[in-house]
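Scrolling down, you'll hit the structures one after another.
In the two assemblies presented below, chain A is common to both, partnered first by chain B and then by chain C.
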Partner chain A sequence: MPDIGVAASTIVSGVLLGGILALTALGLSIVLGVMRLVNLAHGDFLVVGAYAGLFFLKFTGVDPLLGLPVIALIVAALSVPLYRFLLAPLAERGPEARMMTMFAVSIILENVFVLAFSADTRSIELSYATLPLTIGSFSVPLIYVIGFAISVVLILAVHWLISRTGFGRDLRASAADAQAAATLGVDVERVQMLTFALGAACAGVGGALIGAAFQFGPSSGGAYLLNSLAIVVLGGLGNVLGTLVGGVVLGFLQSLGGLALGDGYRDLVGMALFLLVLAFRPDGFLARRSS
Partner chain B sequence: MNARAGGAEVALIGVAFAALWFAPLFTGDYGLQIAFRVLIYLTLAESWNLLAGSAGLVSLGTSCFVGLGAYVAFGLLNNLDAPLPVALAVAALAGGALAALVSPALFRLRGLYFTVGTLALAELLRLTMVNVSAFGGATGIILRDDPPPLPELFHYALVVALIASLAMTACARTRVSVILRAVRDDEDAAAQMGVRPFRVKLGAFVLASALGALAGGVQAVKLGAIEPYGMFGLQWSIDVLSMVIIGGVGLRLGSLVGALFVVALGEALADYPEAHIAITGAILIVLIRFAPRGVVGFAANLPGLMRKWAVA
Partner chain C sequence: MRMNSGRKLMAAAAFAAASLGIAPAHADEIVIGASLPLSGPLAGFGSFQQWGYKRAVDEVNKAGGISIGGTKQMLKLIIRDDKTDPNASASNTETLISRDHVVAMLGSCTPALVNAGALVAERAKKPIVTGCDPLEVFKSVRKWNYAWDLFFSVPELAAAQYKALAEAGVETNKKIAFWHDNGPDGQAVGGQIWPALAKAFGYEVVQNAEFPVDNTQFTSIIAEAKSKGAEVVLVDAITPQAIAVRKQMASAGYTPKVLNMEKGAEPVQFAEALGKLSDGVLVGGYWDPSFPYPGAADLAKAFESETKLTSSQHIADSYAAAQILLDAIAAAGSTDAEKINAAIAKTDKTYVVGPIKFDADHTAKLPIVALQWQSGKPVIVWPKAAKTGDLLFPLP
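Let's turn to the complex of A and B:
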């Protein structure tokens, strides 16, 4: 058994990372809720954000955490043509056609990354990224704390956007019943496009945060996609604040699993949790048990 | 219904496979290698087509059952000295059993979670094999005895593909096909008519998974050594998805045409792996948009289209 300070550090780190990934998961969740689309390229949008952060730092010299709005705009802008030219024409064709199209986009993107940026793993090197925050034997990397704080603020911002604004009202209406919303004058296609762009922006910003904390490469997207899905299912589909809780819980349980069984088991715990929650609490474990 | 057409189809399949049995007498190693790959792919595509085309379940977990079949077959061959046919049969049973076990989780949300659930399941199994040293860890397992010679392996693959084709015919030409399509097109309406959607989907999923594991077992014996990254790799799922979309989802000849196309494309672009995958992705996007019933569906519609063009 590792000493208590190390164990506490590992678990707090896990919780912080789960909170960072919750922002990406939120993007996945709103696209799934509004468009009935499991965006299989969501993990690759995250990688786009990570590369955007990397090159933002390289070419401007400005801290990419200050440039997050720019990164969000870049990734959102890239997602709009994907929606217009690939997804919108398939609107009448059921969810499978769009999902498989995004799967094809995902495998193309991964190969584009390899061709454009090589297969090397990289990270966004910030001078303070490696600084630890230490209290006695308890220590977590500063960048995790910063990333977590940014993620929480942005999740709250999205929550405000969805629950308090006119766009949010249209979004909720489209998610509940697209046909009825259209009858009442909601431009559902525009809402879907903006939702898709918002989801992509969440992934992109999440990617910049993750790229500052970790190494990433062209094929990193798949694992983040699956972990994001686990978070969505844990927190309950369509529950914005639940997604944050889901991220924290996933991070907590993953680091617990890693401590108990070895580091290789972290991701395994996530996948097992995903399938277990789907089987036994499909509305998320926050949902009150309906009779 | 369709009893005569079904009988003719079974006869045709029988003749074709009987003729192929003698292929090793006429072709060299390269030809057999290619034919072996086509047969394994055909098996996987038939079972995927059964799931998606008939039951409306889009799986990205082909690799999960291929890998499971490979590991079960190797375990039985290496540790229990099981004869090869027994090992393969148990591998198929294991595939079906796993499908039944996870179906309560995967059928949630009208199948929307099915795709990602199968993806997660494949990842779960891969990570298990990587982490548990009893399963060989990241380096994998080597088959203790030498694999059988290529012509014999080819015959195994031929029998497996025959089983898959006959199972598809049985599902497509009997009352089962009507039930499957009813569930795919409108689950609620089907339930109103007395069909139990969960059981129907479960049956299709178990059968498809058993066939996938069977194909995985044969493939693994041919390789002689397995490791988790290859056997549980996403490439299996990409290839199978491409075959059925290229050939035609839910169409009887779709799997065969798709398998031939994907193997040929793989051979043509063998030296350019990145381009190969990117081109596959582009083909998928174009076909999903413009030819949702694949090459076979497009060809079937061609006479009508020609007439339309001739008139215009």
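Let's turn to the complex of A and C:
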């Protein structure tokens, strides 16, 4: 049985990490909600964000966490041609065609990363990214706290964007019934393109945070895609605040799994939970309270 | 009319052959092949191996090729990316043999990838020379007839850091923690050999944690070792995980006095990704440009001038493996697999990694040293006879 300091440190670290992962999952969730698209290249957008953070630091010398808006814009801008030239023409071909297209994009992106940046494992080197925040025997990584705070702020900002703005109204209308929204004058294709870009931006920002906290390489996207899918299912499809709750819950339970069974069983706990929620509450924990 | 039908038939046959990917073999070319991890988690190893294999082949080609039946033939090296996937390593080997018609092969890296390919080559009776597969793990797979391995002995490597610490006379509380992945070598080194040696060297084992090869979170493992006061930590993990562990140790405020990261801390990308955090990290090694073997210093210089990258020991075992195979083809004077295999068995020569003579298990043991990353460069800190610098202690 681990002592109280170890247990508390592990659980709080897991919760904070879950919050960071929630940001990347949010991108997946809104794209799924509005476009009915499981974006299988979402993890690769995250990797684009991590490389963008790495090179942003290298070429400007500026902390990439200060440059997060620029990174978000870069990843969003890169996603727009993908939507215009690959996804938009498939609008009438059903969700499978778009999903398989993004699967192909994922494979292509991984190979592009290898060709452009080599297959080396990278990490964004920030002096404070490896500092602990310690109170007695309790200790959590400072970068987790910073990442969690950024993540929560951005998730709340996206929540505000979706619930309080004209774009958000159009987005919600498109998510509820694209055909009806179009009939009422909503430019559904534009909404979908902006939603896709917003989703990519969320992944990109999450990637920069993850690149600073951990390590990444050309094929790192797959693991984060799986975690994001689990968070989306836990939080409820398209539910912005539910995604944050889903991330925190997943982080908490994975930490419990890590404490009880060892760190190697974190993902097992996460995926078991994913299947259980899918079986018994397929609309997520917060289904009844969310719209 | 008949001619037309004949042409059509020939065209159809040519089309069918092309569809099956059967390319005509050039009579004046000796084709050898390798499946390497050029992408995926082990890409850090594969890129160095690729360079070593290519250099050995290029050197022979520049010298005019190899004489087969009295005619000089050039070498063609075909490399396929196994993406760090044992299944891909096996299927690449199948392809190299059946489609590319290789006469012999060179190995991949780490037991999982090497053994997967070697088993296919063994079944097809094609000789394969490899490094990058610890000898005991290689031998445990089967009694090999066509596969040959030059690398280090696991017990010797596992004992290297204990011996290095004893020789340097460093003072710790003798509490030791082992963190290792669940791959074949991780289980052998971290699960069995390190704990067994700990008692012999007077250490108290306070933790032995195992994790999946691709694990990314080490929070609980690190917190437990910290709470148990382990001042010596030995890790066996591949490079992405070794980098993750080192970063997470720092962000958890845990700095043991000694940190050894077998396997993962070998490639230079470890030091590049971690910067100052790599300083003081130990790793077992089997080659360094300072070794007193012919061509050792030149090999590293050639790599660094060509690639502008810091060299790795993996350029040496791959270069030597290719040289051994090419020497055997030359000695056989034939592209017949049996004759090449028999010539490999007779290898008795000093290569860039040291003297190579295969034993009855088809293995040749390389000497071991303890390396430590210091300011982004690997420094030999043990044994005394091979030292290129002093041990940095404690871990910064």
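As a working rule, the second predicted complex is superposed on the first by the 287 of 291 C-alpha atoms of A that agree within 3 Å, B and C clash if a C-alpha of one lies under 4 Å from a C-alpha of the other, contacts with A are read in each partner's own complex, and residues count from 1 in each chain.
In this text, contacts are C-beta pairs under 8 Å (C-beta built on N, C-alpha and C of every residue); 3 or more make two chains touch, one makes a residue touch a chain.
Model, not experiment: these values are computed from the prediction.
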| item | value |
| --- | --- |
| A:Leu73 touches, of chain B and chain C: first, second, both or neither? | neither |
| First, second, both or neither for A:Gly264, with chain B first and chain C second | both |
| Contacts of A:Leu278 with chain B and chain C, given as first, second, both or neither | first |
| First, second, both or neither for A:Val114, with chain B first and chain C second | both |
| Chain B versus chain C as contact partner of A:Met100, first or second or both or neither | first |
| Chain B versus chain C as contact partner of A:Ala129, first or second or both or neither | second |
| Partner chain in contact with A:Leu90 - chain B first, chain C second, else both or neither | first |
| Residues on chain A lying within both footprints (that of chain B and that of chain C) | 110-111, 114, 223, 262, 264, 267 |
| Chain A - residues contacting chain C, complex | 2-3, 5-6, 9-10, 13-14, 17, 110-111, 114, 118-123, 125, 129-132, 134, 137, 139, 141-144, 213-215, 217-220, 223, 254-255, 258-259, 262-264, 266-267 |
| Complex interface listing, chain B residues touching chain A | 52, 56, 58, 60, 102, 104-106, 108-109, 112-113, 115-117, 119-121, 123-124, 127-128, 130-131, 234, 238, 241, 245, 274-275, 277-278, 280-282, 284-285, 288-289, 292 |
| Chain B partner contacts - residues on chain A that touch it in the complex | 32, 36, 38, 40, 86, 89-90, 93, 95-97, 99-101, 103-108, 110-112, 114-115, 222-223, 226, 229-230, 233, 237, 261-262, 264-265, 267-268, 271-272, 274-276, 278-279, 282 |
| Residues of chain C defined as touching chain A within the complex | 38-41, 43-44, 46-47, 83, 182, 209-212, 214-221, 223-224, 226-227, 239-240, 243-244, 247-248, 250-253, 269-270, 272-275, 277 |
